[in-house]
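Dropping the structures in below, format is structure tokens.
Paired with chain B in one complex and with chain C in the other, chain A is shared by the two complexes that follow.
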Partner chain A sequence: MDLTLLMNTSMLLMLTLIITPTILPILSSTSKASPDTTTQAIKAAFLTSLVPLTLFLYSSSDNITYCWQWKFITNFNIPFSLKFDQYSMMFFPIALFVTWSIMQFASWYMATDPYITKFFSYLSLFLIAMLILTTANNMFLLFIGWEGVGIMSFLLIGWWQGRMEANTAALQAVLYNRIGDIGLILSMAWLASTTNSWELQQAISVTQTPTLPLLGLILAAAGKSAQFGLHPWLPNAMEGPTPVSALLHSSTMVVAGIFLLIRTHPMFTNNQTALTTCLCLGALSTLFAATCALTQNDIKKIIAFSTSSQLGLMMVTIGLNLPQLAFLHISTHAFFKAMLFICSGSIIHNLNGEQDIRKMGGLQKMLPTTTSCLTIGNLALMGTPFLAGFYSKDLIIENLNMSYVNTWALLLTLTATSFTATYSLRMTSLVQTGFTRILTIMPINENNSNITNPITRLALGSIMAGLLITSYTTPMKTLPMTMPLYVKTSAIILTILGIMLAIELSNMTHSITQPKQNLLLNFSSSLGYFNPLTHRLMPMSLLNTGQKLSSHLIDLSWYKKMGPEGLTDLQLMMTKKSTTLHTGLIKTYLGSFALSILITLLMHTD
Partner chain B sequence: HQQRVLRLYKKSLRHLESWCIHRDKYRYFACLLRDRFDKNKDVKDMVKATELLKAGEEEFWANQHPQPYIFPDSPGGTAYERYECYKIPEWCLDFWHPSEKAMYPDYFAKREQWKKLQRESWDKELKQLEEETPPDGPKTEALPPARKEGHLPPLWWHYVTRPREIPM
Partner chain C sequence: SELPKELLPGPYPRTPEERAAAAKKYNMRVEDYEPYPDDGFGYGDYPKLPDKSHHERDPWYQWDQQDMRHNWGEPMHWDFDMYLRTRVDTSPTPVPWHTMCKHFLIFLGTMLIMFGVGEMYPSYMPVGPKQYPFNDLYLERGGDPNKEPPVVTHYEI
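Let's turn to the complex of A and B:
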């Protein structure tokens, strides 16, 4: 049996399965896709995608499928080729699994929405764009996928378009992504002019790339993956419905930036500046996001900040020159983050729209499956030994400890690890334990299999995925094998420290002392003052300059400075300087004239 | 003055609730706060009362919670105006096909009479609004009630035909 043929056939089948429910209702007027058909299609696609994955793992051969060539200009061709290497082959089943679970959940969550079919078609369009991005072999297709996920993110965040904050958040997401796109286009332009092609094979063959295109790529990743500086859109993107947050902003879209860096990784290897930039940027965003998550009171925002923090960690991994480990973290993170979002969505819907953890408590008895899966997800996030997060997170921290990097970046990442434990525990304890503080007595149940099945499936994934993926991927770089015991267990010790801090703080909330604002709380709660500073200060100054330019420039410059006033200014300056010299003592001048003429005459007659 | 004091009390209770998450602690501090308000309940001197109010407001401002708990459906909450895009104005009902209108015969039978009533009372409502707005423009968004016998309150049609809070 020809393995290549089998692999290609199954890939084609899978792509057809995904595309059909989305595109067919547009083309034909009679067939309509319902949410259930889309969910079943994605489930079938997931099961089909396991076939190429298994084939790939046993043959370990990269595959590049060459579809069509667009002859742009004479010596510049854009072939539409798809690359099926370990990254995209591993990503397909994971993305499809997560999407299947999310769609099943969304068929319960959005059941009262009149446009639910449109919602599902948006979700599948997003999935198609994401898959184009991951399988792209050249920057052009990658850019198509990149913009595609950006647009779908805009449409999905602003799903409830009557709500002002949702529209603002969607616009913010698009604008921040656009700023990142500048970097991407810069590096694409450099690539096209230097290597005369946009293929990744040509891109990675350039060993000594100048820093500028690399900085462009880092900017693109920072914009898409919400690193510090371009991060405000991610917490605000929680205005969209929970399935949107689960799919886009936890597992798939936000890893697009990191994926770009993984794909173009050989360009980075020799350039220490770019690697250090990645490292420091990632460390800063991890810590910043973890600090902001400590005092948030909205479940979805806490999980959004934790996503941002883990993305910073992925950036740190790239800065450590370990793309495979970053991809491993992407895969494991997808499972437990999507599960966390789905659990929170189930809680929110059951409490009739209540998102504030101050008004939730004692849900353990009422929603046992959901809350236990919430706990599993949080444990996986914290990097508990042998759950999914452990395999990637612990390895990252070990490598960070053992390599010759910035100590500052190391310290930031370690602090962020303990903060992760703190806010996760805070969230779980306030949501699940204690006396119930919910507002009204709602019929809270999880009897619907559309909720429990996705959650348990993803829980199973979070537990097993780490083990499965690491046992089937061969590492490309040798990881450090020997290290002192305290370094090896540093991640666990920090997590335990974070847990102890959380327990201490929750004991403080129970004690009878009046809480007050203090500086740290203010910094953390207002997200580090970043939002008001950048969103108000910069545009105001730019607009003021623009207004001055437009209203005053013409009058001021052409009619005054060029003509009379300019001349006046010049003359005045000169005259003022020379006035002081001009003392007006005529007699002294005449005397000096006479003296000098006398001396000259005497000298000449001599 | 009474309204301002009561508003300060309610605001401070809500922010206290945002600070003290657990109910027993909140109840303790709420009782302390109530006692502080009750001690100055009988102050008749307006100057002193206003000074107390001002001090209270300043203390509130200093101690407020940066992310106070806002109910999801109230302005600023997470679900506010969420369904605004699904609310359709009532004049769309005029565009329904007769077969669709036949599904709700009693409503559409009465609808013509309601619309006739609206046309008749529109001039009177407008006249009342014109008389009652101050010359600089309206100060609040509240509409005045109907003043004369047999008249309807101004702009009643928009209130009566407003869409449901959570459409469908």
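Let's turn to the complex of A and C:
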């Protein structure tokens, strides 16, 4: 039995299954799409994707499928080839599982939305773009997927387009991603000019890549994965509906940047500058996001900053030269982050739109399943031993401690680990425990299976995924096995320190009565002042310059200086010079006559 | 069809009567009306409104166009497309501007300097060169058994 053929066929079948609910209503007039059909299609696609995954795990045969070749110019071909290797094979079931759960949840969350079918088709279009990105074997297809997820992110964040903040957030997401795209296009241009191909096999065969294209790739990843400097769009993307935040901005889209770095990883291996840049950028992002998450009051923003922090951690892993571990973290992170978002969506909807954690409390008794799964998700995020997050996060911290790294990057990452525990515990305690601060009459229930099934399914994933994935993948690099006890337990000790900090701070709030502003609180709650500084200076200067150039300078130069006024100036200059000659004396006129006759005679004799 | 000539923007108002006519045209009071300075940039008699974005307008007031926070007939700023609610926000920040700049630059500068320090003094697990016994394996490496092997010390106390 040709396993490769079976694997490829099932993969293509799965892609067809995903695209069918979107395309079929366009092609046929009788079939109508509905949220349920889309959800069922994604579920079927997930179950189908387990077949190639199993085949891959037992045969470990990577393959590349050529569909068609676009002969661009004479010596530059762009083959449309899909690469089915461990990354794409592992990513498909995870992405489909998470999408299935989110779509089932969205059929409850967006039930009152008049355009719910359009919403589901947008989600499936996004999924298709993401899957193209992950299976792309060349930069061209990857770029198609890259832009596709960017556009769908724009459309989905700005779903409630009557809301100005949503429009601003969607525009922000697109602009920040565009800045990253500059880097990606730079690298693609370098690749095309040096290796004459956009195939990843050709790219990774270059052993000593110059730093510039690698910095371009890092810029692209920084834009898409919200690293420090290009991060503000991710918290603002919470303006979109919660299913969008759960799918795009936690599990799938934001990992596209990290995925790019994982795919092109062999180019980075020998370039220490690029690796150090990744490491430092990731460490700064993770600490900055964790610091901002400490003082947020919106439940979705806390989870968004948590995502940003974990993305920084993934970038740190790339900087440690461990792409497989980064991918493991992507996979485990998808489960518990999507679950956190779905739980928060359930809480928000049940509280009639309340997103402020200061107005929640005591929900443990009212929403038992949701809050238990919220706790499981937070524990997995913190890296509790033997939950999903532990397998990836603990390994990353161990590797970080045992490697030759920048000390400050190490310290920042460790601090961010303890902050993760702090803000997770803060969120949990303010949302679930304590006295309830919600409005008195609120019909809270989780009787709908469309809420509980996705949440429990993802909870199961959060618990089991780490173990399952690590059992079935062979590590490509030897991980450090022997280390001192304090290094081995550093992650858990830091987490416990973070928990103790959170408990201390919450105990302090019972005794202190008047909250005061201080330096650190202002810095943290204003997100490091980055947003006001950049979002006021840059657009103001650019728009002003553009306005002045277009309306004033161009008008001034072309219509005045190049036209009438310019002519006037020249004429005036000439006339002023020549009026000195018009003195009214005969001698001057006789002299000018003689001069002109002399010149004419000279010209004719030559 | 088009606006009549007296309602279109016109040249810079030179006399007080022209100013009053321009203020009436733009639905403003004569005291509030202030044209742009006449320096040849083509503003004409368009009023110079304060540079405040729509973020600063009261969100709870019942505007004629609630999403634009604009009343019918209200003169729009020359750079209105910059001061929309989806663009630049000029509302006063909780923390003064110079404090924000200072704190952010201190944060960024500290991070960059510390990254530089971290590069100079990286962290790594202590390693040492391999040490072999029997005088650095003198005999096994083909040393002369009759000669006195050179003394090799791998440590200093």
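Simple rule for what comes next: the second predicted complex is superposed on the first by the 536 of 606 C-alpha atoms of A that agree within 3 Å, B and C clash if a C-alpha of one lies under 4 Å from a C-alpha of the other, contacts with A are read in each partner's own complex, and residues count from 1 in each chain.
One rule holds for everything that comes next: a contact is a pair of C-beta atoms (placed from the backbone, for glycine too) under 8 Å apart; a residue touches a chain by one contact, two chains touch by 3 or more.
Keep in mind that what you see is a predicted model, and the values were worked out from it rather than measured.
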For A:Pro368, select first, second, both or neither according to whether it touches chain B, chain C, the two together, or no partner. neither
In the superposed arrangement, which partner chain does A:Gln547 touch: chain B (first), chain C (second), both, or neither? second
Of the two partner chains, chain B (first) and chain C (second), which one does A:Pro385 touch, if any: first, second, both, or neither? neither
After the superposition on A, what does A:Leu533 contact: first (chain B), second (chain C), both or neither? second
For A:Glu354 in the superposed arrangement: first (chain B), second (chain C), both or neither? first
Touch check for A:Met483: first (chain B), second (chain C), both, or neither? second
Using the touch definition from the top, say if A:Pro114 reaches chain B (first), chain C (second), both or neither. first
Which partner chains sit in contact with A:Gly162 here, chain B, chain C, both or neither? Use first/second/both/neither. both
Once the structures are superposed on A, label A:Tyr404 by its partner contacts, choosing first (chain B), second (chain C), both or neither. second
On chain A, the footprints of chain B and chain C overlap at residues 162, 164, 522, 526
Which positions of chain A touch chain B when the two form their complex? 112, 114, 160-164, 166, 295-298, 352-356, 358-359, 430, 434-435, 437, 439, 509-510, 512, 514-517, 521-522, 525-526
Quick one: in the complex, what on chain C touches chain A? 40-42, 67, 79, 81-82, 85-90, 93-95, 100-101, 103-104, 107, 111, 114-115, 117-119, 121-125
For a test of understanding, state which residues of chain B touch chain A in their complex under the given definition. 17-23, 25, 28-29, 62-67, 69, 71-73, 78-87, 167-168
Any idea which chain A residues touch chain C in the complex? 162, 164, 167-168, 171, 276, 280, 284, 401-411, 483, 487, 519, 522-523, 526, 528-530, 532-533, 535-536, 539-540, 543-544, 547, 551-552, 555-556
